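Remarks on the structure that follows.
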Amino acid sequence: MPDKLLLLIHCPDREGLVASVTSVIRRFHGNVVDLDQHVDTERGVFFMRVAWNPATDDEAAIAQFQQAFAAEVAKPCDMTWRLERASRRTRMALFVSRYSHCLYDILARWESGEWDVAIPLIISNHRELAPVAQRHGVRFEYVPVTPGTKAEAERRQLDLLREAGVDLVVLARYMQIVSPAFIAAMGGNVINIHHSFLPAFAGGQPYHAASARGVKIIGATSHYVTADLDAGPIIAQDVVTVSHKHSVEDMIRKGRDLEKIVLARAVYAHLMHQILVYDNRTVVFE
Amino acid sequence: MPDKLLLLIHCPDREGLVASVTSVIRRFHGNVVDLDQHVDTERGVFFMRVAWNPATDDEAAIAQFQQAFAAEVAKPCDMTWRLERASRRTRMALFVSRYSHCLYDILARWESGEWDVAIPLIISNHRELAPVAQRHGVRFEYVPVTPGTKAEAERRQLDLLREAGVDLVVLARYMQIVSPAFIAAMGGNVINIHHSFLPAFAGGQPYHAASARGVKIIGATSHYVTADLDAGPIIAQDVVTVSHKHSVEDMIRKGRDLEKIVLARAVYAHLMHQILVYDNRTVVFE
Amino acid sequence: MPDKLLLLIHCPDREGLVASVTSVIRRFHGNVVDLDQHVDTERGVFFMRVAWNPATDDEAAIAQFQQAFAAEVAKPCDMTWRLERASRRTRMALFVSRYSHCLYDILARWESGEWDVAIPLIISNHRELAPVAQRHGVRFEYVPVTPGTKAEAERRQLDLLREAGVDLVVLARYMQIVSPAFIAAMGGNVINIHHSFLPAFAGGQPYHAASARGVKIIGATSHYVTADLDAGPIIAQDVVTVSHKHSVEDMIRKGRDLEKIVLARAVYAHLMHQILVYDNRTVVFE
Amino acid sequence: MPDKLLLLIHCPDREGLVASVTSVIRRFHGNVVDLDQHVDTERGVFFMRVAWNPATDDEAAIAQFQQAFAAEVAKPCDMTWRLERASRRTRMALFVSRYSHCLYDILARWESGEWDVAIPLIISNHRELAPVAQRHGVRFEYVPVTPGTKAEAERRQLDLLREAGVDLVVLARYMQIVSPAFIAAMGGNVINIHHSFLPAFAGGQPYHAASARGVKIIGATSHYVTADLDAGPIIAQDVVTVSHKHSVEDMIRKGRDLEKIVLARAVYAHLMHQILVYDNRTVVFE
């Protein structure tokens, strides 16, 4: 059975886009198994994700399809697009500091086979979680970061990432801000978990801020990292109710469960190539 | 601007269905504004909802499209399908007994213009809610139901519904079981709200049963009515948390808010032609 | 059966407060049916709500209890406290503008007997909703507000409220800011519904802001009104999920259901004397 | 600072119970830091959990308190009660089969110090998860179970539990039914996670049943195990929305996250001595 192919597209909306795309797939004897499309009528943008079983795994045939699609549809329609192979295993690096719950959760999903992903590298600005990495047989690199050495530290991080062939960086409660240069070097493939319902309580110590404000609900937000701190495209959010009974410590405890689940949902959507980004927002075809 | 058209389809899955459907629409110069499709891979069934702006409102042109679609696509692909006009106003009757919260909620949505629907008729087996109907200027018919007069009562109800040109019956906490014959006469267009998370606590007094079982969550379920009581295709469900603090009365109180919101979501989805039923389950293209 | 009494207390935390309070109730032969207490350990504040069936409804006996409680417990412990009779019916005024969903919802709760409350007055800065008030037999007063006449308008509003013996003002999507003087005149008993998950998207057009930010969850917040706009003590919040599929209009539609339910929860908690305010936060003893 | 004490009580409701209990604590110079009480008015049962800082850690003083409390309050009021020390570490055994997500999650909570608990033993009817236990340095015992050897297997399990001084057994997706004798031997301290919103879909393959029924919400339920399968007192429940898009496999995937979080909430409430069981229901004083 040939490997499933995925096409992710966005372009200015116009008539007949679905028929144009599916016609080319059909001509190459592909069988569409999943098709999601969405039109943002306000912005006039068309989004599409289509998955199909191609007639063959033959590289030449796929290249031919890409050429035909580019020339006949993508170019005339001014499309931003990419083709993914469903079975290609994403190589993911984890950035951590001292909090371990997201790290443990991701390692368990990987190790148990829940996620079909490679985790060649864990980078941290602290040494505390090295034993966790070692226990799971994942390379752990300690890269300390100080205001003075930040640029150098990022160069070191990028060297390690390149060397390990990493496609995706997951900031699993990594308590450092990454630079625009770093994000650009990773092609924007950097996912963060923020421990609040963004845009409420952006910045540091959101649970303390939530407690001081007396909210009845706390949240967590996973988003792509952009130059503007905590303002990148949101991928997933969830919330849990709290009351006057919950101290800041209770919120932190309840929040941990939220953070790990929300981060996992976002990473999973990325791994499954379900996310399109446009205008600092995401379209997630679940 | 011509009236938007909607096509709802299900059929055995096969290659190229999306392209086939959209090609016909395109040939008639329709501009697709919304397309949702889903393949139930387990059952091998293809579902699709497509909304488009046709080139013209002309009845003959629409009839031509229907003919072409039926002959070229629907018949060869063994499709179950229907064509709806987005602007046609559904005529809805409300069946009630003594509880008023769902009735009030629906009347408010109608009266405020939130729902573009006609409500020509309210039928009840009790007289208590007649003043509510009168205040809103809706005809109220008292049709008492006893075990001995049930068949006769349903004949009377169906006469009233036919006379009022009703397409959809909403059982807004109507405390009587309707017969298979009644459901058939309405073409299955009968929506009920059950005050539990079905299939838990089907039947009477679900809040009492939930309280006795000591659940931590209660729910409400809106579904199409079928011959098998509380077992019809589920359209919408939602839940709310409870604790040991909540008595049966508290559950009933909290449940009322849930019931009216869940029923409204289900009715709205029906009014917007978002629902396809297959194998006692619903596909809701929100 | 004598009318249930409720005591609401907050004071600096110290040893033996529960025993002190319940001992006095016991000495007067009261039977405690509900007791909630909470200690905010961070702030060192003790909160308590106790409901009991007194031995008698006799006014003199209740006055005696109050005297004894004040002298023996409340004063020595530096308590802020109030005594409420469970059966006293709150007199509530509704302030509205053009949106009707919260108004309809509250009127239905009142009319159906779900809430045991009096609604003697609806005030609006627009005339649109007068027919709704009239249909329900509630006095409707049109009080236009312009920047130049705001102070005068509030004087007129307060005159109407005083005349109608109103204890609680509910801003049911009232699109005007009320002044600190107005809030003070109502003793802080002014509840608002804000159509976002505060503190995210405070201020005007929160759904537009939420859509622009690309959030995956929208919320509503009901709070007591304070001089600082949208920053008063939060009583109730709830959320609903959204996705890229939802336009601003969809969010507004989904938000309406949230707004009316969240506002109703907050008002109900106020009517049941379940809320204590301290340090711009609420303790809600549900 | 002396170790915090916890008293958990239920008894027939009567006047003055809170004052009676807190008076004894006060006489022994205890300082109440947390008090929750609840009256089930339907059943006429009083529930209470009170936490206090005693004057001293001295064993003789605590024994004296217990004696006084028993004689003066507990006995006359016909109380079922227990006294717990907040700092005593519960010894917990995990029973697993082949699914690892709950096991990983609990081990991470323990190892990271999120839970102050001892995990001396993991028992399984399969060998697959032995490496996980070994990696975390927890003793793993393989105890195969067949219909013919079930009684013998349970004897072996109980020997292992006794030897390890275990107070609590957590069935972390253990795919075997435990006998009433086993439950009795553990004093009822056996917590299970069922992968549905009980009582819907009790028994095997609940996700398949949920998918077949076409529900729009799936759930997980953690409960104490009783002789009656899946019918024991519910401790915690939560749900997640699904749609027609989700296959059984998707439900299983989404359900895993739910199961581990709900099980963890239930175990945490048990560890914190927040749960009282009465009449096959739980009072959870969060």
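Order of writing sets the chain letters: A, B, C and D. Residues in each chain are counted from 1.
One rule holds in what follows: a contact is a pair of C-beta atoms (placed from the backbone, for glycine too) under 8 Å apart; a residue touches a chain by one contact, two chains touch by 3 or more.
Treat the numbers as computed from the prediction; the structure is a model and nothing was measured.
Each chain gets a centre from the mean of its Cα atoms; the one farthest from the centre of subunit B is D.
As for how the two copies subunit C and subunit D face one another, over half of their interface residue numbers coincide.
One inter-chain figure worth recording: subunit B and subunit C are separated by 36 Å, centre to centre, where each centre is the mean of the chain's CA atoms. Shown for subunit B are the residues in touch with two or more other chains, namely 41, 245. Those residues of subunit D lying in contact with subunit A across their complex are 100-101, 104-105, 108, 111-112, 114, 135-136, 245, 253, 256-257, 261, 264, 286. The residues of subunit A lying in touch with subunit C in their complex are 38, 40-42, 47, 197-201, 213-217, 219, 233-239, 243-245, 247-248, 280-284. The part of subunit B that touches subunit A in the complex is made up of residues 15-19, 22-23, 26, 31-37, 39, 41, 241.
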